[in-house]
Every structure is written in structure tokens, then in C-alpha cells.
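Remarks on the structure that follows.
Note that the chains take the letters A, B and C in the order they are written out, and that residue 1 is the start of every chain.
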Amino acid sequence: MKALKALALPAALVVLAEIGARAAAPSDSVAPPSEVAAAFVQALADGSLVTATRDTLMSAFAGLAIGASLGLMTGILLGSLNVLDRLMELPLELLRPIPSVAVIPIALVALGFGYRLEIVIVAFACFWPLLILSRAAVDGVEPRLIEVSRALRLTPLQRTVKIVAPAVLPRVFVAFRLAAGISLIVAVTVEIAVNPQGLGYEVMTAGQALRPDLMLAYVLWIGIVGFAFNAGLVFAQRRLFGQAARVEAAR
Amino acid sequence: MKALAWRFGGLAVVAVMIALWGEIAALKLVSPVFLPAPARAWTALWQGFAHADLAAKLFGTIRHMIGGWLVASFFGVALGALVGSSKAAREYVAPTLEFLRPLPASAVIPVAIAMFGLTPQMALGVIGFGSIWPALLASVHGFAAVEPRLLEVERALGLSRWQGIAKISLPSATPDILSGLRLGLTVSLILAVVCEMIAGLDGLGQWVLLAARAYKSADIFAGVILLGAIGFVANASLGLIEARTLRWRGRRTG
Amino acid sequence: MTAATLIAFRDVDLAFGDHLVLGKLTFEIHEGEIVCIVGPSGCGKTTALRVAAGLIAPTRGEIAFAGAPVRGPRRDVAIVFQDYSKALLPWRTAAGNVSLALEALGTPRSERPKRIAALLKRVGLPRHADKFPSQLSGGMQQRLQIARCLAQEPAALMMDEPFGALDAMTRQTLQDEMLEIARATKATIFFVTHDLEEAIYLGDRVIGLMPHPGRIGIELKIDLPRPRNQVTTRESPEFLRLRHKLYDFIHASEKGEAA
């Protein structure tokens, strides 16, 4: 019953779009869902969809891996060393508000078009959520556990590995999920803005070629990829962390 | 007192970082083509204001950012109020919203270009579309999460529908709405920059892209610094408003 | 001379799905009376209060208020909830919270400050008008809720275990304050509690409900003299006798429950 209700609105919208787009034809910006579906199948068949998806995802994942791990390490470091944390508060506060897209021209000049450009921008964007949230997670570790680690005379490394890491893992995973969403968005944005590869580029090209059906097919596909990626991570989160992360999984 | 000391420490770290930047540039460890000396970036900033139209570009970006954000926030909150307060509406609408949430707003830029051309209207449309989602989703959540006991108090006191929304649901949803507005402002800045880059609209996005094409790294950095400043001021302003509006929270969170 | 009936339950059934919470519940509360409802957990006493307040409609049967059937919450019935912190608006000051009731009643703006000040004074919070609920103690928050309820100038007060979440000392203070308010305003009070001694101390009558489904198991007339006193009343032989009777009833109905 719930599933039917959930599909009611999209189904109605698709029907309306079909009628409306056909009535407004021919147009450069809208196309009926039937033609969009046809263009989608076509792009899938001739391989362009697959190539573009691969390019975007590769850049997104690589950037995510780099940015997230750097952010995580820095976050844990800052969360554990209070002095460093207080000193770095101002510098980070000044650097954080720089929009990731603003870094595009700098990276463009340094690296030119291609994968590296995208990976650098994605890494920059994914660095911050991991830094902020993992730092907060370390900060929020039950102080009692730290006392236990002292009583057991653990070395800082042992303490980090045996106590801090497992305690912060659920919240870090949520931060990772957030960064993963950001990685896809930023990758597509870089492609739309400057980079001639990937799904964003295909959308732009289709638009410029006055192929609204293909353009909308790619936009829809981007939405599906983003949704599937996030859903996959939510599923993984539930399996790995079950009850512990259920509260935060409601995002 | 101690907090002030740490602030100075932070400033010292920033100074050290800038000095380091200067050293790396001086030693040419990184090509000056894309890493200018800090002094050059600073000069480019002032030159831009004095002799070029950097100020116009700055205000262009601010205009795009705020204009789209304001309109989108208003409609997002209003729509969210309608959807959030009705269980039936939520069941039909929420799943679709969840699907649309991970969609990059920048993906609609080509569609907007096809509809409006490379115009300021296109930018407004894109920025509005992008920044409505955080406001809408936060508003839905805020209105859906009103303390049920307060809704009973509303009934018990005999408040009318509008009185209830204005005096109970809206204030209750305000913390969520404010954080949604903050996120929306971040999104609108990003989209403003991207639209300016693509459509050549008057703004910092256009400035930095042109500087990149001309390999003028000092100008790029000047633009990036200004963009960071916009982001900083925007975030800080909303943060201040949030703090004042929510001072009833007290030391404990509800 | 018996006072007029204010609240009347007649053969009230209340079911949540298949589960019958109240079964053929029938009783009356008269004007100016303080009636306390007690019973083991799950007997439906809170549900009975919510039905009387008009928050839930009965599945069968009828509730009448001053002769008219109850169709929803009434302006002249005030509800005091147990979870006071959730029933107050955290973003308004104490004065603002009391004001909410006056705004609902349509009291003219010019009159409000005077009435708010008087109400806060009545519940003992005259110097806390500008504090937020998060800055008030539990007892003060409950007083604030009572002040807001009194702003409605209610004919009846529905109180759902209002002192249950407070410490013993505050509870006793508020019990006496409540009795004083009841005496001064002559309001009718429907008081739900799990504290048997509180019920006897406060009430003119105590009704004990038996669970599954909730129905009257015992009805005691409390003939203790007023004004009541925390020490002397609670030590009097009559008080102890009533207490004994009530304890036996609860014990028996809980045991019968386990069977």
C-alpha cells in the first residue's frame, strides 16, 4: 500500500509530462517521457552511456577515496590532540567556506582537462565533511572509555585502534555516506562547468545538439545513479551497524 | 581570556601558513603559473577593485546568490509547511522528494539553458531550483516533527488552524528551517559560480574562468579569496541569526 | 444538597483496534468536586481522562459536559499534562506561555500583561516571567503549565498525574497549592494519579479502576475535613482506614490481573 502511494505522484507526473510535452512539440528543451526512454535505451546500446557513467564514477570514487581518507585522518588527529585542534580552528574556519567549484580554475591551470582535474576538486569537496564529522565523533567518544584505555596503559596507537576507531566508526560511516553523495554531485558539476568527459558533459552536449530527449535521459540517469549509490550505502550501513546507526540513518 | 589566547594562536598559524605559501612561491617549488606569491595575489585583489571591474563581479555573484536563494527559500518553507503538517501529503510526496534529493542541481543547467538561453533568468531558475531542496526538505522535517503533545495543547486551547501554524508549528520547525536555509545558501553560491562560468554572466565565476584562460594566477587567487569571503560572511551571518533566534535552547538541548 | 453534575460518563467503551481499554465506564463528577482516579498500570485511567477532555472520541457510549455531549476539547476545560516540559513552548518565556492561552481566547492585547502577572503570582512564579522553560526547575515548569491552564478560567481541570515526575517535597508543596487554587476558583477537578495517598489527600471522592477493560472497581467517599494538612490529615485514623481499603483493592485487582 505504501509503495503504491509512493509511486502515485511520479506516475501522475510522467503521464502529465507525456501529454504536455507532446502538445508543446517540437521543442528544444522538453521531450515526452516516451522519447526520453527511447533515447536512454539508444545511449545504453551504443555504449556512450556506459562510458560516461564509468568516467564520472571513476573520478568521483577516486576523489572520494583521497578526500575522505585525508579528511578522516586529519579529523581524528584534531579530535585527539586538543592543542592542535584549538590552533587550527581559525585557519580551517577561513578555508572551509571556499566553494569547491572556485578551485576549478586553479586546478584547470595546473592540470588541464581530464580525470585529475575532477579528482582534485572532488577530493577538496569530500575532505571537509569527513574532517568536521570525524573530529566531532572523536570528540564525542565516551570519556569513560578513554579513562579505561589509560587504566590499561595502552599506547596512543593502541588506544586509537582499539577504542577510538571502533567507537567512531558508525558516525564516520554516516559522514562517508554524505561525502559520497557530494562526490557524485561535484563530479557532475565539474563536467558541466568545464570538463569534457562524463555524464555532465553528455548532458551539456545533448543540450547543445538540441536533443532534449537525450539530455533529459541523462539527467534522469544521473538521478538514478545518485539514488542507487545512496541507497546502497544506507543498506550497507544497516547491515554493518544495525541498531547503532539506525538513528542517524534517518537522513 | 583563554579563548582569546587561542584565537591569537590561530592567527599565528594563519600567518605561518601564509609565510609558508610565500616561501614555496619564492623558491618556485610550484610553478608561478598557478601558484602566485601571496603578495601578488593581494595586489591583484586591490588592482581588480581599483582598475578593473572586480567590484561589479563581486556584487554580481552576491546578487545571483541571494536573489535565487530568497525566492527559493520562501517557496520551499511554505511548501514544506503544507507537506510536513499533513500525514497524507507526506506519504504521497516524501518518497519522490527522497529520490530527487541526491540529484545534482547543476544537472538541470543544460535544461535551463535550453529553455532560457544564456541569460540571468537561466541562472535564477537554476539557483532557485537548487536551493529550494534544502529549504523544502528541512521544512517538511521540521513541520512533521512538531512535539505531538504541543499539538494536543493546540487542540485543548482551541487555537484555530492558522494560529496553530503560526504560534506552534512554525516556531517549532524554525531550527530545522534555519539549518536548511544555511545549506541552501551554500548551494546557491556554488550554482551562481557555475552558472556564471558557463553563461558568462557578470560575476566572480566568470572572472576566475577568464583569468584561468589567460593564465593569470594572481587574478584567479584574488577571485577565489573573494568567493571564500562571500561564503564566510554568508555562513557567519546566518549562524548569528540562528544563535539569536535559538537562544531559548539553553545549555541543555530539549 | 448535591451539586449539579458537570461531567457524566455513560456506558463508555473505548477500543484501540481490537483491544478494549474502557468497558461500559459509568460515573459522574459534580460541580466543584475533586475526584481522583486511581488504578494499576494499564487500567485506562489516563485514557478516561483524555476521553473526558475530548481528545479522543469513545467507541460507544456517551460523555456529557454540563448536559451537552462532548465533541472535542472545550475552551472551558483545561488539561494539565504529566510531561510538562513537552507541553510548554520552549521558545517562549514563562509570560509568553501563559499568554498563549489568552491569545487563544482572544483576550485584548492591553489586558494581557495584567492577567499574566496575576496568574504567575497565583502559582508562585512572579519573578520568573522572562525566563525560558529550560531555565526553570521541574516544579516551576509544572506550575507554569497550571498557570496557563488557569488562564482559560476553566470550569474543569483535567490533571493527568501532574506531580508524578517531581520529587516528594515539591510534590507535597504543589498538592497544597492545588488545593488552594481549587478552593479559590471552585473549579471541578478530574485528577489521575497512581499515588494512592495523594488521591485520598486531595479528593472528595476516589474512584479505583480495574483493568482489561477499564471499569469501576471501587468508589470511596472521602469525608476528611478541609483544609487538609500534610501531617495531621495523613496521620488521622480515617485516612489510614481509607488508605488500607484502597491498597487492598489495588493489590487484589493486580493479582486478579496476573491470573
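Annotations
Here, a residue touches a chain if its C-beta (ideal position, glycine included) is under 8 Å from a C-beta of that chain, and two chains touch if they have at least 3 such contacts.
Values in this document were obtained by computation on a predicted structure and should not be read as measured data.
Across the two candidate interfaces, B-C and A-B, the one carrying more C-beta contacts is A-B. Closest to the protein's overall CA centre, chain by chain, comes B. Distance between chain centres (mean CA atoms), chain A to chain C: 53 Å.
Note: centroid distance chain B to chain C, computed from Cα atoms, is 50 Å. Measuring from the averaged C-alpha position of chain A to that of chain B gives a distance of 18 Å.
Every residue of chain A that touches chain B in the complex is listed here, in rising order: 2, 5-10, 13, 28-30, 86-91, 93-106, 108-110, 181, 184-185, 188-189, 192-194, 200, 203-204, 206-208, 210, 212, 215-216, 218-219, 222-223, 226-227, 229-230.
Interface residues of chain C facing chain B in the complex, by the touch rule stated above, are 53, 55, 72-75, 77-79, 81, 83, 85-87, 89-92, 100-101, 103-105, 132, 134-135, 152. For chain B in complex with chain A, the residues that touch the partner chain are 6-7, 9-14, 17, 31, 33-34, 91-96, 99-100, 102-104, 106-111, 113-115, 186, 189-190, 193-194, 197-198, 204-205, 208-209, 211-212, 215, 217, 220-221, 223-224, 227-232, 234-235. For chain B in complex with chain C, the residues that touch the partner chain are 147, 149-150, 152-153, 155-159, 163, 167-168, 171-172, 174, 246, 248-252, 254.
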